[in-house]
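Each of the next two complexes has chain A plus one more chain, namely chain B in the first and chain C in the second.
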Partner chain A sequence: MTDEKVIEIIDTSLANEFELDIEMMVPDALLYEDLGLDSLDRVDTVILLEQAFKFKIREEEEIRKIRTLGDIHVFVINKIHNLRETEGDIT
Partner chain B sequence: MTSRNARGTGYRVRRAELWRFVCSVPMNMSAYPLIVIWTLVCILCFPIVFSFWRIVLGWEGDRTMRLFVWLYGRGWLVIMSPFVRFKRMGFDKRNISPPYIIVVNHRSFFDFWCMALLPFSNVAAALRSWPFKMFWFAPFMRLARYLDVESLGWTGCLSSGAEILKKSGVVLFFPEGHRSRDGKLQRFYFGPFKLSEETGINILPLCLTGTDVLLPPGHWWMMPAKICLKALTPIDPKDFGRTLSHITLQKHTKAMIAQGLEELRKA
Partner chain C sequence: MKRVVVTGMGAISPFGKGVDVLMDSLFANESAVKSVPALAEIGSLRTRVAAIVPGVDPKEIPRKFRRSMSQMSVYATLACQEAVAMSHITEGHCSSGDLGVSIGSTVGSPIATHAFYKDFLSSTTLDNVRATLFFQIMSHSCASNVAHVLGITGRLLAPSSACSTSTQAIGYGYEMIASGKQDIMLCGGSDEFHLLSAATFDIINAASINYNERPHMTPRPFDVHRDGVVMAEGCGILVLESFESAVNRNAPILAEVIGFSTVTDHVSIADPNVDSIEICIRKALLDANISPHEVHYVNAHATGTVLGDIAEAGAITRVFGNNIALSSLKGHLGHTMAASGALETIATIEMMRRSTLIPTRNLDNIDPLCEGPRFLQNFDKAEIEVAIKNNFALGGVNSCVVIRRLKNDR
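This part shows the complex of A and B:
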């Protein structure tokens, strides 16, 4: 899966679930201030991402540092790359 | 003729509104002081009664505390009853028996107090952080092991909720998170549905109406109201398969509650 595809999945999933305009889904968008999400939406975002990409991230400390949509993109892309590397090491 | 009927109806509506306002004056003058007195009495009596209950009957602390919260709520129902008509529908003991994950719509500060209408007392509420900042309630909420969903995070909520459900308790959610300002259902958070998916415990959807008339968001002046708490058919998460079941559960439950509210509105 390409990084562009990952970004598209993230933006579409969040826009659909939180009833957001897809035009609002820009990397600089602040989750609280610009997208109007709150702390419980943050929990739901984690559940959505776990569902969409089939990984577990709910206990990762990095999540607490996420402020913008771009931070989510970077976090998920890095997570996927790390998982690929780990799988590569095992095989 | 039609215009005369419309004028007559308008007059009757205005007269009923005026009468409700007149009734609300003694309501506010009496109910608020009585709630404060009832709260103080409960707080003062709590240590003795709680210790007695635990030592003599051997109940666990959290279970005992939840019973007392329910009894406190029953007292609130009595205080409000001269001005508020309470009605409970759909609770048939043959069909409704915990454990359950209760999901109910949210329109007023008093919604939680109305949960004293439930026929069972072992109810732990899952709430946002702000109610835990009310210092006069917070110790009791913590003793009852209510879930502070914002502080506990998903993992903490899941394990605490599962533990309560395992002991045949009920976990209560207001899945909208906030009180609705326009009476319409808002987006439902995933929490209760994920808990249901992971524990396999049924969801009991409830419809609550009339509390927005009693005390709408942003108001402090109470008005006489008719409050109805209706239980809908419990939902078994196993009926929704394994893949994305929490999302399907969320949508299905919201649709059921929306339909239930619409039926209550028409009735």
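This part shows the complex of A and C:
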């Protein structure tokens, strides 16, 4: 999966779940201030990402530092790359 | 004690959205009961009919609020918005601390609970549990959600007594205002349809099962061929307010609440008890400081069960004698459970205002075992000064409110 496809899946999933215009889904968008999300939505965002990308991230410290949509993009892309490397090491 | 009046009403009923839709349908003597084919897929469930709310769009409520709502909270919110608008209540009133909410349901959302267990029992993981699940299944979900949407900062109460829920919600709201603890209360009940609601009555042989092919002919309160409850859903809300507050802000005054009682029947957790019902009605009249002969109309609980209708008719005859006008609206609406007390109180108030009593739908042949009161089988033009609304619940919770056309003599 390309990084562009990852970003598209993230933006579409979040826009659908939280009923946001897709035009609002820009990397600089602050999750709370610009997209109107809150702590409960943050929990559901993790569930959405875990379901979309089939990984477990709930316990990861890095999640707590996420502030913008772009932070999510970077976090997920890195996570996927790391998983690929780990799987590559195993195989 | 302060006088308590009704200054607004809101309804989501099996006929649709709004008090006008409810009343137009009742005055047209329509039935909201329909076949529900999905019930046939449930093993051992015999009833196949229900009265389901049509035409409600949850997306009328912004996602920020809707995410913590199941269907019953959506109904409660929309009904409250109608009631608040009718009563000319502002955001300032809601945030004053003098306005509270008293709205209950039979249980927390059965639909959300079902969805949780369906996933959990197959996956045995909490991975898919959304953050908002609890807020849908908690017992005070409707009251809390309404308070959040409207910005209410006063008292919050969420009675949960099945069929008596909203009569208790009205009664406890009335008492809070009468005692001066709150100026205004949004009172009522809400329930959403789930197969377990229908099954509850079917399991104890109290659901209607013989009219699955003729849904509009059931339930049949007081009729000799009645065969049980038809499950329904919806929400009824009344704005209760101190008379002085209503006058001060020039709110419309639709009726007056002058009495309330609720009693516990310990004899059986399921079977109705004529003695307890009689005591409940007499206590309500005592609370209202009126005699039985001052009551002109009884809006019965009468769900169409064999035992319940006999017990209620017997108690009413004991209290009021043989000339009291009586009807049940379950034949039109089915049993809207936690909403029934409030929806039927709304209809009773409208009957008083329009000087026309609505008959019991499907009452073709009065059961000799119910005989006593003056059963309404046709629309009846009548000036109604005082009416009572009964509700009796599984679990042994009986309740009664007394409503009066507004007078300036108290």
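Convention: the second predicted complex is superposed on the first by the 91 of 91 C-alpha atoms of A that agree within 3 Å, B and C clash if a C-alpha of one lies under 4 Å from a C-alpha of the other, contacts with A are read in each partner's own complex, and residues count from 1 in each chain.
The working rule: a residue touches a chain if its C-beta (ideal position, glycine included) is under 8 Å from a C-beta of that chain, and two chains touch if they have at least 3 such contacts.
Since the model is a prediction, treat every value here as computed from it, not as a measurement.
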item: First, second, both or neither for A:Met25, with chain B first and chain C second; value: neither
item: First (chain B), second (chain C), both or neither touched by A:Glu59; value: first
item: Which of chain B and chain C A:Ile10 touches, first, second, both or neither; value: neither
item: Which superposed partner A:Gln51 touches (first chain B, second chain C, both, neither); value: both
item: Touching partner for A:Leu69 - first (chain B), second (chain C), both, neither; value: neither
item: Partner chain in contact with A:Gly36 - chain B first, chain C second, else both or neither; value: second
item: Touching both chain C and chain B, counted on chain A across the two superposed complexes; value: 18-19, 39-41, 43-44, 47, 51
item: Of chain A, residues touching chain C in the complex; value: 18-19, 36, 39-41, 43-44, 47, 50-51
item: Footprint of chain A on chain B - complex, ascending; value: 128, 149-150, 153-155, 177, 187, 189-191, 194, 244, 246-247
item: Sites on chain A touched by chain B in the complex; value: 18-19, 38-41, 43-44, 46-48, 51, 58-59
item: Interface residues, chain C side, partner chain A - complex; value: 63-64, 67-68, 127-132
